[in-house]
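Order of writing sets the labels: A, B, C, D and E. Residues in every chain begin at 1.
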Amino acid sequence: MTAKLSIQSVRKSFDDKTVLRDVDLEVAAHEVVCLIGSSGSGKSTLLKCINLLVPIDAGGILLDGEDITAADVNPNLVRQTMGIVFQAFNLFPHMRVIDNITLGPRKVHGVPRDEAEERARDLLSQFDLLDKAEAYPGLLSGGQQQRVAIVRALAVEPELMLLDEVTSALDPELVAEVLNVIKDLKGGGMTMVIATHEMGFARDVADTVCFLDDGVILERAAPKDLFGNPRQPRTQQFLQRIIDAGRL
Amino acid sequence: GDDDAADGGGGDVSCAVGDLNLVTPGTLTVATGEPAFPPWVSGPSGDNFDDPESGTGFEAALVYALAAEMGFSDDQVTWVRTGFDEAIAPGPKNFDFNLQQYSITEAREEVVDFSDPYYVTAQALVAFPDSAVSGVTTLADLKDAKLGAQIGTTSLDFVEDVIDPDSAAAVYDTNVDAKSALEAAQIDGIVVDLPTAYYITAVEIEGTEIVAEFETASAAPDQYGLLFADGNSLVGCVNEALSTLRGSGALAALEDEWLVSAGGLVSISG
Amino acid sequence: MNPTPIEKVERRGPQALWPRRSPHTREEGARGALIAATSTVIVLGLILFVVLNSAAWPKVQRQFFSWFHFKESFPKVASGFWLDIQMFLVAEVLILAIALVVAMIRALRGPAFLPLRIIVVTYIDLIRGIPILLLILLMGFGIPSLQLPGVPRSPLFWGVAALVISYSAYTAEVYRAGIESVHESQRMSARSIGLTQGQALRHVIVPQAVRNVIPALLNGFVSLQKDVALVFVLGVREGLREADIYNARTFNYTSYIAAAVLFLLVSVPVARFTDWYTERDRRRKQAMSS
Amino acid sequence: MNPTPIEKVERRGPQALWPRRSPHTREEGARGALIAATSTVIVLGLILFVVLNSAAWPKVQRQFFSWFHFKESFPKVASGFWLDIQMFLVAEVLILAIALVVAMIRALRGPAFLPLRIIVVTYIDLIRGIPILLLILLMGFGIPSLQLPGVPRSPLFWGVAALVISYSAYTAEVYRAGIESVHESQRMSARSIGLTQGQALRHVIVPQAVRNVIPALLNGFVSLQKDVALVFVLGVREGLREADIYNARTFNYTSYIAAAVLFLLVSVPVARFTDWYTERDRRRKQAMSS
Amino acid sequence: MTAKLSIQSVRKSFDDKTVLRDVDLEVAAHEVVCLIGSSGSGKSTLLKCINLLVPIDAGGILLDGEDITAADVNPNLVRQTMGIVFQAFNLFPHMRVIDNITLGPRKVHGVPRDEAEERARDLLSQFDLLDKAEAYPGLLSGGQQQRVAIVRALAVEPELMLLDEVTSALDPELVAEVLNVIKDLKGGGMTMVIATHEMGFARDVADTVCFLDDGVILERAAPKDLFGNPRQPRTQQFLQRIIDAGRL
């Protein structure tokens, strides 16, 4: 069986700065991969490349064995099969929460408004946000905004979820809920690639953890191996600092 | 319409009312400005202003005389109003001819047709008595004057070509603006055709006077013609009527009636 | 680099503390602002005083601000103004729609859209460079005189068409300013949920863009309101033309004041309403904080 | 609500994968865009064809597009155009500065600034409501005829002053659109590091605001370039006036085309340069991502 | 001795929504107070009230015994004695990093550019950002941006620092560094009020922890008491969830 997602020698530079250097990564169906690594190592960029939001310079990205970076692929159809949640909250400030969530299902998948809103309200109540359905994003607290962004990504029922530090702005009380939702998603067979600074979260949810350093995947292993027995000196150093920060 | 207006073929064509090439058959449709000014168009009523149907004012009276000569009754004459651009734009016109002191020039003949001239005027200088130009006697005296004129008039050509002052003439859309500039002391005097000069000194601009009249000979004569759409065959018949009026002395009589010249003006020649 | 100490702060008992109606109202520069406002009013008053007492004022007043001529000219100007309003309404609706399409085409990314973008940029650059009066003359007289079958001949029609073509080019650029002021991340978010470029523009970018440039759009609105008067060169008797005619007839400029009053009666309420509305909208949708 | 499957994707060997020059160039609607561009060109071509072959075209051409009259009128129009450029440069500098001050006053918050804000809003609303031509007439003829000692009489001076007053009102609103499009959090950040309202506006808000409305500012720029011509009502002989005079003398409109060509020679390069520059600036300062 | 900062019965509503209800809080000089609590409980709003960025409806805020919310106080002079770093990065996108940092010192305190830049570079290198001095914020990763925001707040050498979830967007490697910087600040006598979701961080750095719930300070205690022996049921519930989320 081919991998759900296969990243092959992807390279990406911004102007003169190389951000990804020959990144290779296979993600099997139903697998959850966590990307960890220091700030600026390229985690967000890699996720944007997978979502075709940032064009790659060389290499290829295969989804279900099909090269989605080929010239004749409609990136829009590709994106409909993936959900992405960004590091910073990118809600549409001129739309109420419920409209933010239903926009994708309605416009892209043609779901009738009633049905889309019903589903959206289900999701909102799972995330304890039902009372904010009619509010505008500008009136929500940071944590509330980020939760809405997750709901919005889930609303298109993607096959693959890309999550970019989704818990970083979250109130710790809610981290558990998000974790549970993500675990549920995993239980339901969702394939996920998650960039995170939460090592506990990575250890809990990941099948595989990848350590990114300066645009290269330095180490790739099961969480217990990577956290318990890191092989690269750079990985050891990174984890040591996190332990010092009281985060592992 | 490059040559003489007569190339509409007036000689061969019958000038009976029924045969004329008219915008509205049986009616002579005449255009003038909006508003039209005395002494060219006057009115019988209180403000003595802009009522062509009354037949008062030189151009209005001329039109009724021409119409009668061509076989129209007075109520077969209708008036329309046009702006400058409508009158000269290409394409079909909503008038048979247009008169508002259009000077006949060669360049204009390229895009419209003119009748033979119906009036020849001299240019005059209007100013306040205490201005820099009052009392001038020669064209050379006007070299350093700041003069204004209305756009599209031969008065402007006259200032530029004949007086040729050191500072370029100020050009106004209307004599109203020229008058304001005069009052604001931005110019020393304005050049207009003589009949207009009489009118504005008497009525429109309190306190101004005609400083001088320029001798016609010194410039290309300023001849006013009726304006027709390019290639209009009506020109011939109108010219015929016009020359009849001129021959009979009727035209001169109209001039005397409406375009009174008081005489005794300082006359300046080149 | 020692921080400046807080000046002029008095100790108050806690009973003085609440309730407070307008907390820390004293903004820096408050006194300066008052001085500036007062002196502006005084200077304007002084100028007015000097003008009103100058020897020539009665003459100027008679020519520009005559109550008699105002009353005389007003009915005619007002009747012509009604035509202006109609032209304006038709033109504005078309302009807002066409300009939006033009701006959206300009905002499309990718080499596939290059030819369309070139067409659109050429249109904008060319049309803005042409004096609007020339466009009105060219279309209002030129097109009808071609006498093409099935093509309208009405100068009103072509005059309004010329205004629409010209203003659409300007308005498209206003929209573009708005579109570009929406943060790139909004475009990315929209694309990431699977919207096409067009859908992203329509549902996400443009609604925010329009809000960002409402004052500039209103500029176009206000100036179009006056520029519809330009169709007078085609012989259309609208409000300003009536004022013109009155002015030519009487050598008095007060008729223009009458026209200005009519314009103000429309434009000021529209501007105030728009400000009030956008401010309310802003408050509803955007908190003061991050 | 099942996701649509990806269409038309072929399996390729990894050797085909790199290096790639323009990855996923195929954007949705690419074919549509090409069709749209092509059909636009075809339609325009057709219209041109019909026009050029209509019976009346030679006449229209003679009056609007005559090479002879173009050559004849060009030198005069060009010499007058130089005056336009000078007036434009003086006016534009003043407008950009005054409008910015006006917009900043309008953007000040707090009750202390209310009187100043009222003055400024009144100015903007009133001036925009007055036809610019009336303002030029009023100031250009009215003020000098007051014959106040020490007050200039030059129509050029007062004409340009009227333009500055009028355009500043419009331009202030453009700046305001820009200021309001800068997110509130920027203002808060600026205040939080201790900047005063004025400093926050000057160093933080306005620089971003101006970038956001450059296309709209350019609109004003382009239209001022043409509107300086309006001082012709005061008798000033600038470029468009010379074209006017030529037209009135010959009844030929080609002189306006000469004027339009001159305008385009200035405005198009300015527009292209500005676009290029702002795009470069944007790329330098703002990444594509959040 | 009077408290450095004294918040007395502060009330704040947005339109019809009450966000702070009679909040009382004393912060002694050199004390570090951490605000914890769920999303939307009012932490950010309270910090903004202290910085006079949000006007309060009732009550008073005293700094060194002086009521800074009185009508005759110039809020600008007050703000010059406080630094605040927001939850979301609020750098000025049109200025290079170095200009972002020196703007305050130069314009507010009149420090010459040279001196301001030198000091800024010192701070930048402490935060491992020296190579980004000339970059525009838009080109930095999220973590880098937040670190710059901290440096910017420190650059005015404030007497009181207000930190709103400054580590939430930070890469865990850097959390330790930030913690150390904050500990240094504390050692140098800096008074701080810190809103945070990082319980480990609060336990480490705080002298006092306040638990905010729905606009009220429900519990106020030393970290070991509050985390070890919470008295209010709501606090217990909150901490339980955090423990569930693997964050404590």
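The criterion applied here is as follows: a residue touches a chain if its C-beta (ideal position, glycine included) is under 8 Å from a C-beta of that chain, and two chains touch if they have at least 3 such contacts.
This is a predicted model, so every value here is computed, not measured.
Enquirer: Just tell me the minimum hop count from chain A to chain C, counting one hop per pair of touching chains.
Expert: Contact-graph shortest path, chain A to chain C, evaluates to 1.
Enquirer: Hey, which chain ends up farthest from chain E, C-alpha centres compared?
Expert: Relative to chain E, the chain with the farthest C-alpha centre is B.
Enquirer: Comparing centres built from CA atoms, which chain ends up most distant from chain A?
Expert: The chain farthest from chain A, judged by C-alpha centres, is B.
Enquirer: Across the interfaces B-D and B-C, which one involves more C-beta pairs in contact?
Expert: By number of C-beta pairs in contact, B-D is the larger.
Enquirer: Between chain A and chain D, what distance separates the C-alpha centroids? Give it in angstrom.
Expert: Chain centres of chain A and chain D, defined by C-alpha means, are spaced 43 Å apart.
Enquirer: Averaging only over C-alpha atoms, locate the centres of chain C and chain D and give their separation in whole Å.
Expert: Computed from C-alpha means, the inter-chain centre distance equals 13 Å.
Enquirer: Could you put a whole-Å number on the gap between the CA centroids of chain A and chain B?
Expert: Using C-alpha averages as centres, the distance is 83 Å.
Enquirer: For chain E, which residues are shared contacts with two or more other chains?
Expert: 14, 44, 48, 76, 80, 86-88, 90, 109, 139, 142, 156
Enquirer: Residues of chain B that contact two or more other chains, please.
Expert: 89-91, 180, 183
Enquirer: Quick check: what residues of chain C touch more than one other chain, meaning two or more?
Expert: Expected reply: 22, 25-28, 59, 63, 137, 142, 145-147, 185, 188, 196, 253, 286-290.
Enquirer: Would you tell me which residues of chain E are touching chain D in their complex?
Expert: 48, 51, 53, 76, 79-80, 83-84, 86, 88, 90-94, 103-104, 107-109, 136, 138-139, 142, 152-153, 156
Enquirer: Give the list of chain B residues in touch with chain D in this complex.
Expert: 84, 88-91, 105, 107-108, 110-112, 148, 151-152, 156-157, 168-173, 177-178, 180-181, 183-187, 230
Enquirer: Spell out the residues on chain D that touch chain E in their complex, using ranges where they run on.
Expert: Interface residues on chain D, with respect to chain E: 185-186, 188-196, 199, 203-204, 207-208, 211, 284-287, 290.
Enquirer: Given the complex with chain B, which residues does chain C contribute to the contact?
Expert: Touching chain B from chain C are residues 59, 63, 137, 140-142, 144-147, 155, 232-235, 245, 247-249, 251, 253.
Enquirer: Give every residue of chain B touching chain C within the complex, in rising order.
Expert: Per the touch definition, chain B meets chain C at residues 34-35, 37, 49-50, 81-83, 85-86, 89-92, 174, 176, 179-180, 183, 204-205.
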